[in-house]
Amino acid sequence: MDKSFFSLQEVESSYGRLPVLHKVSLQVQQGEIVTLIGANGAGKTSLLMTIFGNPRATHGHIYWQGKDIAHLPTHHIAGLGIALVPEGRRIFPAMTVAENLAMGGRNSVYASVDLEKILEMFPRLKERFKQRAGTLSGGEQQMLAIGRALMSRPQLLLLDEPSLGLAPLIVKQLFEILEEIAKQGMTIFLVEQNANHALKLADRAYVLVNGQIELSGTGAELLDNPEVKRAYLGSL
Amino acid sequence: MHLKHALKDALLVGVLALLLFLPMTGIALAENYSFNARLHVPFLLAGMVMLGRFIFSYALHTYHSRQWVKRLIHREDRPRFILRPQRHWILLILFIFGLVLPFTLSNYGLNTAILALIYVLLGLGLNIVVGLAGLLDLGFVAFYAVGAYTFALGGQYFGLGFWGAIPVAAAIAALCGVLLGFPVLRLHGDYLAIVTLGFGEIIRLILTNWIEVTGGPNGVQVPTLQVFGFEFTRIAKAGGVPIHEYLGVAYSTAYRYWFLYLVLFLVVCAMIFVLNRLRSLPIGRAWEALREDEIACRSLGINPVTVKLSAFSMGAMVGGVAGVFFAAQQGFINPTSFTFFESALILAIVVLGGMGSTLGVVLAAIVLTLLPEVLREFSQYRIVLFGGLMVLMMVWRPRGFISLQRRQFEGAA
Amino acid sequence: MTAYILAQQLVNGVVLGAIYGLIAVGYTMVYGIMGMINFAHSEIYMLSAYLSTIVLAVLVYWGIQSPLVLILLTLGVAMSMTALYGWVIERLAYRPLRDAPRLAPLISAIGISLILQSYAVLTQGAKTKGIPTFIEGVTRFGDAVNNVQISNIQVLILIIALCSMVALNFIIQHTAFGQACRATQQDRGMAEILGINTDKVISLVFVIGSAMAAVAGLLVTMNYGSFDFNIGFVMGVKAFTAAVLGGIGSLTGAMLGGIILGVSESLFAGLVNSDYKDVFAFSLLVIFLIFRPSGLLGKPEVEKV
Amino acid sequence: MNPILRVENLSIEFGGIVALNQVNFQIPRNQISALIGPNGAGKTTLFNCVTGFYRPREGKIFLHGARQTSELCGLLNPGWLSRDLGLLQSLQARFFGGSHVLNHLGVARTFQNIRLFQQMSVMENLLVAQHTKLKGNLFSGLFNTQAYVNSERTALEIARYWLDFFELSPYLNKLAAELSYGQQRRLEIARALCTRPQLLCLDEPAAGLNPQETAELSRLLQRLCAQSQLSILLIEHDMRLVMEISQHIIVLDHGEVIAIGTPAQIQQHPQVLAAYLGTEYG
């Protein structure tokens, strides 16, 4: 039994015949912010989706609080205290903000308490509470997606490229909010292309290349790593 | 342990089956709002289901049997057997066999053989639309009806003969295909299916209700078959010469069937040849490409509208020709031959033959027409069987069992 | 005179439309959630006519006389039986095809409808079946010659249809299941990630759709008094037309589309030609699909490249 | 600059959200140009406008072909009777969309998520691409007339040439679905080239490729541009590849062009660094 809070051990998965992950092992300790960076198509999103069983891991183990969850159906995993803010936000556009948040908290007994807190954290959502989610701006939708994930009172929050398509100012706000959430004791696993922001926020980081973990270390270490600089931070 | 599990599983399924079967099979509605109970039937059926389920779940308790079944029932998007390029002498033997066959059959056998060939033709026609171009047409019977009525009404009003009817019916059916195709090509998959279904029904309703022209539900007499001035009747009806008098042999009804069979057989052979050729021609490739990915086709400069229309009208044309033969064989047609059920049957042929496979469609058409004839007492379960097979094929082998090998190209020079 | 005929056709049309709407619900919900036309839905409706007649016959045989008890019991039993059929069909013929190419579930559905039709013929015979009229009485507005009639059965149809639609709308809009259902409709993968068992949701949608078809089945048989194994087909295409008219995926749209189709079809039959009323309905479907495939209440799709 | 493509004031929106806003740029002839920017910046949308899959709300796109200059948006949104298209094609464009016409003018593309004809063989994929170039109708094909045989021979030769170029010759009879991911990417480019384009648009050609495959692709693209009269526009996230092969870069952010220039210029551009490459690393 692995004692760590959350870990992947030699996980492999594929979409049909196309392999996406190759023996990925990583771990996240309670209270940490861990980030995973990598180029487009490196398999970052697939990794998060594999944790949720779609595609299913064809090999390896995913341990959550000492239990292998690699074979659980997707809808069971949410009930275990893991929440995902997916790539492209994937809010329910035809539902109101209120309904979207309610969807996140449907299995939580603390839903009404948490709703207050979340609306406090994201005042914009409070203003638009009865509005259809599809009419929100990109940044607001991202806040909604995060709020929705928090509604289930998760112990581990997975975020997939939350800064995608957002203006720099909004990205800055977003990372402040993530920092705030982390301060309240949330464990965060952040997948980002915006390596610069992510590495600054993270305690530890992994670099994914072609479905394999190539590098790992503390955020600061990787920020100074010339290889990382070259490939992901754009200075040649 | 697994025995207990299997028993529990079987019991559950059995109770469910009993619930499902109880009212429909256990109670037969009779005249005057009364009913006859025959409760043994649902129990029998449920028992069978239970037993089957028990054997199945018990057999699955080992890892190996599970793996084996998993492999067996795993859906495969490719046909199981791929035939190498056909040997010409086999084709020749089959061809000669087909030519000789009618002379060995009784009138009843001849009729069945002709019907089988008509379904082969219909299957091949629909195969172009559904199998190759991937457009689900549920109103294919409309073109069949158009062909049949073109011959019957054309003969009645314009003195159209059999030979004339074939190209005219082909042209009119193709035109109908284009007319239907143009508006509906904006629709994708499911919508297309339902609109073509509606179209088939519209044609049938018009045939039923436009009594002054089509004779309505009473149907219409098909002109007597006349070829180069010869007739196949005992005495001349349409001003020609009865063929037995000309040849100086005794009259037999078989002559007409022989003639029809042979012409139809040649048409089917020609059709198979054309289809085979088409698959390696630009248009056939474009149909398949369109089925695979329409957006990619557009990016390559292929006009999806003309390609779809060509598939639609080609298919319709073949359906129309089949209709002429049907009318000629029946001698009398009415709208009841052109219901949705007929469309579903043709679709079943295409699906069971493995969509897109010419050989498969030919075999499926022959088997599906002959099967009920061979298993007479079984024939009432025929439709259940077709339906079940359709579901099974989709779940298991959506692309059929057999297919011919694709065209092989030589390597770079 | 024509005003009365017009009014009468209007009444008949609304009643007919209510029934179309009930069946359209099944199409629209399944299409909304799975993006496929449940072709077998019309045969479920056909089956429900048999089931309710059988239940009714058995109940009468057991000596139950009161019309209200009869209707409620029949409705209850027929709905649950039909729902069971819907559930089993989804399990056997659609669930294995979740990620198959688009045509596959449609063909599988056609297979199922062939099976159901012939199941009805094999077990109950091909003859037309009857159902006794046990609710009589007609309300007339106007004098002896010029009048508009509404039979009590028609009133009952409207009441039951309205109640079921209101109930269904409440379920979809305000219950947890309804929310799960809408979430699944908008993004199945995300709903699954949020902990919704979407397989169960889809099963339930089939169950609900089938139960609504059962309501329609009983009401239609009570109204017309007879049915056979063929009634599903035309009714199915028309109900689907209603669903498209209203905008597929929308419950209110289904009801609205049903009423519009029912009324316009009755008016066409009364004013133009009753032989071609089905042709009219089908043409309406074709025209709508071509010029406004998103229906009256739906939103147009954006093509994804 | 002698541009092959000129985009003027292009704007498009989806459901009220502006995806492209007043975009202006030019693509030089016979060079490799790259379109970069963060995810969601509108790159693929722009691609879809250039290749005819989206109709922009306003703006013009000019393709300066070898023989004529065409305004692409006008072809997609013609009047009832456009002079360039003729009556039938105009009607079709109005009712069914006419994106395929752009390919006839010399624009070819690949897709981010590979769109091959999976159940057809490699060679057939390449022949489908030459559909419009194959001479003759149904009957000339059925009866193998000389004209048809000749045009098919030419098509096969062209297909074999590109197969050879992209090192796919050994697989010509395999189904596209049986190829590896990298081979599928290359086949998709070969297929686009079989339509004999003047402008080739590649949507993330290196996505999902491993470093060797990417290097190989880079070499092939450079060779391609050097030896044929071809202009290439590509969307790519792999900055190493972009900086290596492209002579001209356009940076898009939030639907607007924020910088245009050579790789060296782009790497120094403050706004680009802020929006995309990271603030402190320049």
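For reference, chains read A, B, C and D in written order, and residue numbers begin at 1 within each chain.
Rule of thumb we're sticking to: a residue touches a chain if its C-beta (ideal position, glycine included) is under 8 Å from a C-beta of that chain, and two chains touch if they have at least 3 such contacts.
Only a predicted model underlies this, so the values are computations on that prediction, with no experimental measurement involved.
*Asks:* By label order, what chains touch chain C and chain D together?
*Replies:* Joint contacts, listed by label: A, B.
*Asks:* Busiest chain-chain interface by contact pairs, anyone?
*Replies:* If you count contacting C-beta pairs, the leading pair is B-C.
*Asks:* Using mean CA coordinates as chain centres, what's the chain A-chain B distance in Å?
*Replies:* Taking the average C-alpha coordinate of chain A and of chain B, the gap between them is 52 Å.
*Asks:* From the mean C-alpha coordinate of chain B to that of chain C, what's the distance rounded to whole Å?
*Replies:* 30
*Asks:* Distance between chain B and chain D based on Cα centroids, please, to the nearest Å.
*Replies:* 42
*Asks:* Which chain A residues sit where two or more other chains touch them?
*Replies:* There are none in chain A.
*Asks:* Got the chain B residues that touch at least 2 other chains?
*Replies:* Answer for chain B, listing residues that touch two or more other chains: 186, 295.
*Asks:* I need the residues of chain C touching at least two other chains; which ones are they?
*Replies:* 303, 305 - these are the residues of chain C that touch more than one other chain.
*Asks:* Sort out for me which residues of chain D touch chain A in the complex.
*Replies:* Contact set of chain D toward chain A: 15-17, 38-41, 177, 181, 204, 207-208, 210-211, 237-240, 243, 254, 267, 273-282.
*Asks:* For chain C, which residues count as touching chain B in their complex?
*Replies:* Listed in rising order, the residues are 31, 35-37, 39, 47, 50-51, 53-55, 57-58, 60-61, 81, 84-85, 88, 92-93, 96-97, 100-108, 110-115, 117-125, 129-132, 233-234, 237, 240-241, 244, 275-276, 278-279, 282-283, 285-286, 289-290, 293, 303, 305.
*Asks:* In the complex of these two chains, what residues of chain C are touching chain A?
*Replies:* Residues of chain C touching chain A: 176, 179-180, 182-183, 186-187, 189-198.
*Asks:* Chain C touches which residues of chain B in the complex?
*Replies:* Per the touch definition, chain B meets chain C at residues 16, 19-20, 23-25, 27-29, 33-35, 75, 130, 134, 136, 138, 183-184, 186-187, 189-191, 193-195, 197-199, 201-202, 205-206, 209, 295, 340-341, 344, 347-348, 351, 380-381, 383-384, 386-391, 393-395, 398.
*Asks:* In their shared complex, at which residues does chain A touch chain D?
*Replies:* 17-18, 39-41, 134-135, 137-138, 161, 164-165, 167-168, 193-196, 210, 229-231, 233-236
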